[in-house]
Amino acid sequence: MKYYIIFSYFIFANVSLAQVSPEVLLKESDKSRGGIEDGLSWVSELKTRENGQTTVRKFLVKSKGTDAIVEATEPLRTKGEIYVFNDRNMWLVKPDLKKPVSISPKAKLTGLASNGDIASTWYSRDYTAALEKKENIKNESHYVLLLKAKTNTTTYDQIRYWINEKTQLATKADFLSLQGDVLKTAIFRYENKIKLGGKSIPFVSEMYIEDKSREDYKSILKYIDLKTSKYKTGEFNINNIRN
Amino acid sequence: MIFRIAYRNVKKNWRKSYAAILAIAVGFVAQSLFVGYLDNVEKLFEAMYANKQMYGDLIIEDARRMQSVGKYDPLKYAISADSASQISEWVNQRPDTVHSYVQFLQFSGMITDGKTQLVVVGSGNDHKYSQKMRQAFAWDAKYGTPLEAEPKPLTALLGVQLGSWMGCLPNPTVELNLELTGYPPVIRPFKCSNQLLQVTALTESGQINALNFSIKGLADGGIREIDSRLLLTDLKSIQTLLNTNKITYATLKWNSGVNQHESKKELNKLLKSIDENLHFVSWKEHEDGILFAQSMEILNVFRYFVVIIVLLIAGMSVFNTSIKSVIERVKEIGTLLSLGFKQIHVLQIFLAESLITCLIGNVFGCLIATSITTLLNSLNIGYRAGIYTEATLIQINFIPLAFFNAAIVTFVVSGLTTYFAVKYFINKRIIQNLNG
Amino acid sequence: MAASTLLELNDVEKTYLLGEVKVPALSKINLKINTGEFTTIIGPSGSGKTTLMNLIGSLDTPDAGQILFEGLDISNLTNNRRSEYLNKKIGFVFQSFNLIPVLSVFENVELPLLVIEKMSAQERHDRVAWCLDNVGLFDFKNYRPDQLSGGQRQRVAIARALSNHPKLILADEPTANLDSKTAHQIINLLLDLNEKYNLTFLFCSHDEKLIKRVRRVIHLSDGSILND
Amino acid sequence: MTNTFFRLAYRGLLRNKKRTALTALAFIIGYVGLLILAGYTYRVNNVLLNQAIYLNMNGHIRIQKIGAENYWAAPLKYLISQDHILAIIKELQIFDDNIEFVGEKLKVASQIVYDDKTYPVFIDGYSLNAEKRARTHPKLQQSLSGFFSYVPTPLIQTKVNSVGASITPELSHIMGIVTRDPIAPPAFDAQLVGLDFESNLNAIDIIVNRRHLTSSAFMRNYSVEMDIESARRLTNVDGASEINIFLKSEVNLNQFLNNTNDLLEKKFPQQFKAELFSTDEVSPEYTGNMSFLMVMMVFFLIIIGGSVILSILNVLTMSIMERKSEIGTLLSLGYSKFQVRKIFIYESFILGTFGIFIGYIISLFFASVINNLEFTFTPPGALGVAFIRIDINILLGFYIAIIMLLPLLILSYFATCKQTQKKLVHLLNDNEGGT
């Protein structure tokens, strides 16, 4: 079995180069990865390669704050399937299901939705940050933060987070086990731009995820034609969603 | 004199009563073989549960663990670290009463070798007393080495089937049977295509955690469904994986000769003082050990049925023989009576005679039983009992008590039958005896 | 009853059931035997000789009448009383000897003594020796019955009958299975014992040689006494 | 000529009525004992057999992809695709007169969700018509009835419009729904969540309106049964893990197995294999329990049979000893040794057949008594409480009769040999003591 990627949207904010504090750095970098308070929508293309087979899936994503609705569009067979995220809870809504089915934490174990948390928006809300060291990647200097989960209910206990000093964007993240072993690695690229509060800020365009324990297993998530929009808060609550 | 007459009579016409002797022998053999076989099966079960799976004498657990709530969320009804340490302390203060005490933390998760990902169900146990409790099964690795051989964290044994799916294959495969003596403590080689296997599981609070285990050996899971999911490791590793210091249950074995009743009361008092949900139960009454009670139940039904039949038949032939020998010697009875011997004396002679025949029968029985036992044990006939992965051997234990009981029963049977046979003739008037 | 009368039969009767038919074996027998007498009962077979012997030896019980032995009615004793009577008062000598094949001569003669509790092994040994001396078979004491001739076996039977100093010796056709020469010797032996120890003998036979040498002969036919 | 022997033998037996009666009694006890045991084993075999074929839906023959023992490691790889299924079923039509019906089974690992509870389960998806025919099959109903208190009901519940799923009482307790009466359990709506075979997250609704029992103690906490279509919807596949062929009763299993394997090898080389239901791989409970019972039966056969034959021999030697002079006279009248021996063999034969005849009737009586007394016990690895049932039929009676009679006659022959070898003079005026 291989991982299935669901992801959520990001929030985009201005970067101010005040005195470098890990907390601020983390908060700023989150803005380029999602959690837009008013709302953002985009088309997501997920390409997964496992044991030599590649599958492509497409989704229409609408997100607001820590909630999101992800509607499968391709392959056709999955049309009409909707994944709903309310903060860390996740449901699957299908036309032929009488009611939405909740996906439990146990499901994450079997790799059903573990990647959803990778893309979850507010690291700054869930994790405390500490500056570990500075490092150069492709001769650009990066702050290396070690994020520790504030509560023990987040999917991953620790994350090593590389933030580019210049662009203040998070370029790489290692998701660690409680003992510090690397379980997954994600690499971000920011070629998208979105307008927020009158300013245009860089936004993630591609996320490349690798599972350390699986040799031949890679996923590439592309964010295409982003649009900011205004959604009403109730719109994302699972109870209001009817297929 | 009575005994002398009886002895000489048996010596004189042993040829005539050899069938009775053989019948008694068969009765004797049937009983002792069956009791020996049952004893072996019981000991095998006990060895498998009490030693191999380290259930010892008692399982200490939260009573709700085996109820449906416990099954749904095992960690919620586990024993807290504090309770566990109090129990361990109680144990450490009683080295003379407690033989061995092992703590277990069960878990389920996923295991992957990089290509395949499978469900894994297993447990970590503390290695302090584990080999001592396993006794004959101290060497529990069917292939490779037991974990206790070189105690290092993050080392594990896999079920043979799970191992094969995870690329850990024995070379060559060896056929070992379920035996009281456990596995020969020799390293049977096996090879894993990748040294480390990653085990992922949810921590107590639901976080994903993963550890890499190096596989030191393959162990037999007992039944098929367990063997294809089994992972055994040390307690600390699983507590780290699940990020908890709880234990699911602990098992305890008393030293031999300990007043168990007294110690149990003491332990019960301790447990209730720590947490009123804690209790201890013998594995025989525990849901895990239910198979034992069921098997013994059916075996005992067989046993009593057969023994009754065989003894009835043996009794018949002894009855026949004694009647015949009485008929043959009616004249002799008459003479003895005429000489003033009382009926009781004559009866004693014949009873002594049947005693001697029975003695010979039992001696024969002993010889036949021991020879069959050694023969059967050496043949190593294996059969797969029920759902176990390994075949069990037909082994018959030598039980002096069983021989003794069998002898007693045959004596009683032949004594009774002779009594009735002779009684019939003695009541006849002497004259009828004399004329024969 | 005269002081020296050992045995007295008054109107003793005995009938047998052969299938449905009732056969009167003895009818109205009256007889007195004094101590020391040497008597024979003779008569054709089926005349009730053996029945009479059995009744006297309390091996069988009469249908009517009394059998007094030393004044004591022995017609229907309890088992234990009868065993005592047989053991202390009566000595049997059977036509087919009836020795215990698995016991030696010594042991066969010793048999009746074993029932007497207060007799020590030594006393038993002397008694048996004395008996075997009387029948002249002491040297054969370790032999087994089937190693002896017919005559010798009958002597052992006689020795056995003597061993508990019985008052009366009953012998049923003692010489029937013996050749005439041995029969003669046995008869001499019986007569000797009768004179030496004033032992009362009662036996039935149809051996002329024996009848000639007997002082008292009782003729029996069809269950009643012809002449005495 | 022979009937004179029979008469002689018959009278020989009557000569000592008491002893003959006793010996016959010994034979009867032995025969009844063995027949009861055989009846029990036969009945248990009957139950386990039908349980493996019909209840566990293995059918008589199971077709899987080669290497499918690693199914759980890579389900997609060992799945039989729909067109393969259709092709195989078409090919199997040449055996149509032997095949009663064919079913498909799809095994899926997933999780059951009910209010806020999620719990791992193992699903068996059965093709509905095959499942209905199997679960209501007369052979299964007849063998289970009176043996187990539990009688399986097919998935298709007429009173509920949509097809229901079935879980075990233990699983329903774990999910928080107490099932007191497995026959009319409380129905509840639940959902199954799982990865389809291409690792897509998927979920379906199910109505759990039935309970079933599994013989495997481990599976009791995880087993779900439902129709194969729902299982296919959950996994987005249209294939099956295995094809199960249910044969008519009088088909020779091994021969059919070979034919099927040859057919598969010819049409789909190196892809499929067919296995009998009575193998360790397909139904370990069946093979395990039966091998255990067979070991017991052989053990009892030797012990009981042995003691019966010994007791009869004992009597035979006695009656021979007693009738030395008779043997002598017969030999002196010109009977051959063998003819004389025949008398005694006939004696045993009469004794034996008499014993068997009476024994059979007594066994029937005993069997009905035991069956009515309804002793209950829980055999290891079984569907809960079972009644001790004895199933006696003529065939069984005949087999046990042969097993006991043959050695008896042979041994009787040898027992008489010794006597008839003796010199005539010895026999005639036997002086060996005794009468």
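Note that the chains take the letters A, B, C and D in the order they are written out, and that residue 1 is the start of every chain.
In the analysis below, a residue touches a chain if its C-beta (ideal position, glycine included) is under 8 Å from a C-beta of that chain, and two chains touch if they have at least 3 such contacts.
What you see is a predicted model, and the numbers here were worked out from it, not measured in a lab.
Farthest chain from subunit D, judged by C-alpha centroids: C. The chain pair A-D and the chain pair B-D differ in C-beta contact count, and the higher one is B-D. Averaging Cα coordinates per chain and for the whole protein, the chain whose average falls nearest the overall one is B.
One finds 59 Å separating the Cα centroids of subunit A and subunit D.
With centres set at the average Cα position, the gap from subunit B to subunit D is 26 Å. Per-chain Cα centroids separate subunit A from subunit C by 126 Å. For this pair, subunit A with subunit B, the centres built from the Cα atoms lie 58 Å apart.
Among the residues of subunit D, those touching two or more other chains are numbered 120, 433. Touching of two or more other chains is recorded for residues 101 of subunit C. Each of residues 12 in subunit B touches at least two other chains. Those chain pairs judged to touch are A-B, A-D, B-C, B-D.
Of all the residues in subunit B, the ones that touch subunit A in their complex are 109-110, 112, 114-115, 117, 198, 200-203, 205-212, 240, 243. By the touch rule above, subunit D contacts subunit B in their complex via residues 18-19, 22-23, 25-26, 29-30, 33, 36-37, 70, 72-74, 109, 117, 119-120, 170, 173-176, 216-219, 221, 280, 284-285, 287-289, 291-292, 294-296, 299-300, 303-304, 306-308, 310-311, 313-315, 317-318, 321, 377-382, 388, 433-435. Per the touch definition, subunit B reaches subunit C in the complex via residues 1, 4-5, 8-9, 11-12, 331-332, 334-343, 345, 429-431, 434. Taken together, the subunit D residues at the contact with subunit A in this complex read 111, 113, 116, 118, 120, 189, 191, 193, 195, 198-205, 233, 236. By the touch criterion given at the top, residues 12-13, 16-20, 22-23, 26-27, 29-30, 33-34, 37, 68, 71-72, 108, 116, 118-119, 165, 223-226, 228, 290-291, 294-295, 297-298, 301-302, 305-306, 309-310, 312-314, 316-317, 319-321, 323-324, 327-328, 381, 383-388, 394, 436 of subunit B touch subunit D in their complex.
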